[in-house]
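Lettered A, B, C, D, E and F in written order, each chain numbered from 1.
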Amino acid sequence: MSDEPKFFEDYEIGESFVTPGRTITETDVVTHAMHSGDWQPHHTDAEFCKTQPFKKPIAHGTLTFAFSVGLIFRAESANPNVMNYGYDKIRFPALVFPGDTIKVEVKITAKKDHHKIKTHGLLTQTETTVNQRGETVAFVEHILFVTRRTPLD
Amino acid sequence: MSDEPKFFEDYEIGESFVTPGRTITETDVVTHAMHSGDWQPHHTDAEFCKTQPFKKPIAHGTLTFAFSVGLIFRAESANPNVMNYGYDKIRFPALVFPGDTIKVEVKITAKKDHHKIKTHGLLTQTETTVNQRGETVAFVEHILFVTRRTPLD
Amino acid sequence: MSDEPKFFEDYEIGESFVTPGRTITETDVVTHAMHSGDWQPHHTDAEFCKTQPFKKPIAHGTLTFAFSVGLIFRAESANPNVMNYGYDKIRFPALVFPGDTIKVEVKITAKKDHHKIKTHGLLTQTETTVNQRGETVAFVEHILFVTRRTPLD
Amino acid sequence: MSDEPKFFEDYEIGESFVTPGRTITETDVVTHAMHSGDWQPHHTDAEFCKTQPFKKPIAHGTLTFAFSVGLIFRAESANPNVMNYGYDKIRFPALVFPGDTIKVEVKITAKKDHHKIKTHGLLTQTETTVNQRGETVAFVEHILFVTRRTPLD
Amino acid sequence: MSDEPKFFEDYEIGESFVTPGRTITETDVVTHAMHSGDWQPHHTDAEFCKTQPFKKPIAHGTLTFAFSVGLIFRAESANPNVMNYGYDKIRFPALVFPGDTIKVEVKITAKKDHHKIKTHGLLTQTETTVNQRGETVAFVEHILFVTRRTPLD
Amino acid sequence: MSDEPKFFEDYEIGESFVTPGRTITETDVVTHAMHSGDWQPHHTDAEFCKTQPFKKPIAHGTLTFAFSVGLIFRAESANPNVMNYGYDKIRFPALVFPGDTIKVEVKITAKKDHHKIKTHGLLTQTETTVNQRGETVAFVEHILFVTRRTPLD
């Protein structure tokens, strides 16, 4: 908390941390369906789910994704120098069910200059969300747009 | 509604549609911060925002993204043959503020076989979220995993 | 609070009371759209509303109705002898906008025996929801199914 | 989606459709109590419910009603020509418990002229909400106020 | 309801009442974590809880406290003469788990003049929240600031 | 993050920190009324508020209190050694309105042994919630029950 916010130059490839955990509940899945308006029967119709291999409602990919972002927020000091640039790849290799507890393994995997803007750099942050059995349930390549201490010239 | 669900073979490159609109409200931003646990000051601290170029709280990228998925759900007949495979690129070219109304322009831009699984194919769906002034606020390459009517052999 | 719950015999035609008020907010309309899944553009698309005579999003009829039930609950001692039987007429004579404050005028207007069940009677309760200008925004004939102190024979 | 919105003249008596299903959860009942302010012990006090024939908390009638409206919204193309006029009868013949999955059978059962307004007509839509065992849990006569393609003279 | 609101002079030491009950659900705990932003692992990480003596997520103290205030609100006629002055002691002698049903025993235990303000008096209200087994889960000394019918001179 | 959790012995009187800020919105006040069930007209009836000195709806004390706890959670590394023991004094010296931004100044002001339990100690943490003008809106003496590295004998 007492630290000053990091700049682009302060991040190193290979740096990593793990977030706290969060248990996904039925409440979360229902709230996410309501909030997003995504009522796919995979998430909200238990009778439909009984006819599917997964047998019961599963969490939305966008839920796992948004919660992972929230967990990362909790694990880091809020840094006003960082803005969200985008994502280059998102995959959901395993399903998330209510009762599962997820956490995110975060690692800096690349640093790049922006092709035009000299005051910021691009950071690739690999975010691997795992459940309580260590299975990867989401994999994300997150691109961050970070203020440089010293602009390029 | 009376139509039977589409299979992989039924989608054609270039097919497109536009979703209904949804107005983003302060309620949505606050609910999204609570739900995701992402309290970045850009979204939840009006005093911090006054010191920034954008002046007032902005919507989360994950909000715009999840709402876009919800709007697409509303515009299509729910199709049990379609599962979410992942995303290959997500960008947020312009900010979303409470009061903005977004809709999504959806277009099939590629079809591919899966390298192993014969019963499904991969569909690339470009999802461009625009605001009431026609500005693009989110751009997504969405990969769908769709059941084939006739498996490959 | 210290009173014992009323039985069917205790209600008199003409009895009436007025509930406390509740201000309808944008939050309520957004929450109701999410919760019910009713995203009609009249309630959730500000750009569409600008093209309509009412100019801005309006509350759902089911919102006004459910909130009126809630206000009546607050105004009465909770009575375990009363169950909801149904409604015979619901009308929405004027629109409700965020910022309006509603309250409900409640009046017992009829008492009837049930044609088969001797242990309960049917009460008609007229529920008139008015806004801060005294305009009626909802009118309901509510039928209550109330335990008798003494069953009919 | 690509269809133009239906006018009053386009609806035919006997037309019908069935909505998708939605599983009612504990989350829904708690959210509805909070949102409406209706905390009747039948819905929110498990100890009280143990003393009653139904043994555990039941969903509010206004919940089933509002969710049915939401499910109908999902099943139809949003039609800006349709406004809600009111309801002529609502009954709840069986209880809804968390875990039940409901869907709505919708049928046009009457068409009437409005006694004064020439630009719209009145449509009676019977909405029968059934659970996963096919039992009717709500029955509604819904009156819709629909723009005519050609006003009466 | 028909009563006029009580003034400071109308309250007597020893007066007491018991509120209705409310069952605490998983939904309530998740909603409270989201709403307050308090994601302590005791409340939201089921895997962490398995390593603790209490084994599963517990409700927040601030949840029990806020819900007790809400239950007291339900049990009393809303009284515009009463404002919240503060609390002198809050303790949580036993844990609250989802599934527990709480109610509050409320008792006036002291009346004091305010040292400066003549138009109001200070009321101490002891609020003891108990679960379905009669165990005290919260104990509060609540100070109310109540309008006098006749100001002191 | 990489730090190991603090024990009772590690806290020093005079230690302090300030939390991030959070803007209180209309959404927060409405959500809190719904969640807690506290619908006092001071918070939820805009017409009533117009007749009062404060003119418009104000936030609940329990909202400010719960949000302050959430802000403190965000500012500290989550510490599994700390449990909530209770509060010795809570006051609300100024009103909170939607639009205000609060943060909390936290200071350790006392350390005490528990009279019976040797494995934990009692920490008094003064929590002063201030608005964007630096006015104190809540003042709390929070008692924490903290595991000792070395139990007393």
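One rule holds for everything that comes next: a contact is a pair of C-beta atoms (placed from the backbone, for glycine too) under 8 Å apart; a residue touches a chain by one contact, two chains touch by 3 or more.
Keep in mind the model is a prediction, meaning the values are calculated, not measured.
> Once the contact rule is applied, which chains count as partners of both chain A and chain D?
Of all the chains present, those in contact with both chain A and chain D are B, C, E, F.
> Give me the C-alpha superposition rotation for chain B onto chain C, in degrees, nearest 5.
Fitting chain B to chain C on C-alpha positions yields an angle of 120 degrees.
> Validating interface symmetry: for the copies chain D and chain E, is the fraction of residue numbers used by both over half? Same or different.
different
> Where among A-D, E-F or D-F does the A-E interface show up again, with more than half of the contact pairs the same?
From the options A-D, E-F or D-F, the copy of A-E is A-D.
> Quick one: which chain's Cα centre is the longest way from chain F's?
Taking each chain's C-alpha mean as its centre, the farthest from chain F is D.
> As a quick test, compute the distance in whole Å between the mean CA positions of chain C and chain E.
29
> So how far apart, in whole Å, are chain A and chain B when each is placed at the average of its C-alpha atoms?
16
> How far is the middle of chain A from the middle of chain C, if each middle is the mean of its Cα atoms, in Å?
43
> Could you tell me the distance, in whole angstrom, between the mean C-alpha positions of chain C and chain F?
One centre to the other, that is 38 Å.
> Among the residues of chain B, pick out those that touch two or more other chains and give their numbers.
20, 22, 26-28, 31, 34-35, 37, 39, 41, 48, 74, 78, in rising order.
> Linking chains that touch, what shape results: line, ring, star, complete or other?
It is complete, because no pair of chains fails to touch.
> Report the residues of chain B in contact with chain F in the complex, numbered from low to high.
Contact set of chain B toward chain F: 26-27, 30-31, 34, 39, 41, 44-48, 57.
> Which part of chain F faces chain E closely enough to touch in the complex?
22, 28, 31-32, 35-42, 48, 60-63, 65-67, 69-71, 73-74, 78, 80, 83-92
> Using the touch rule from the top, collect the residues of chain C that touch chain F in their complex.
These residues of chain C touch chain F: 20-23, 25-28, 31, 74, 99, 101, 132.
> For the complex, give me every residue of chain F touching chain A.
Against chain A, chain F makes touches at 1-2, 17, 20, 74-76, 78.
> What does chain F use to touch chain D in their complex?
Touch residues, chain F against chain D: 34-35, 37, 39.
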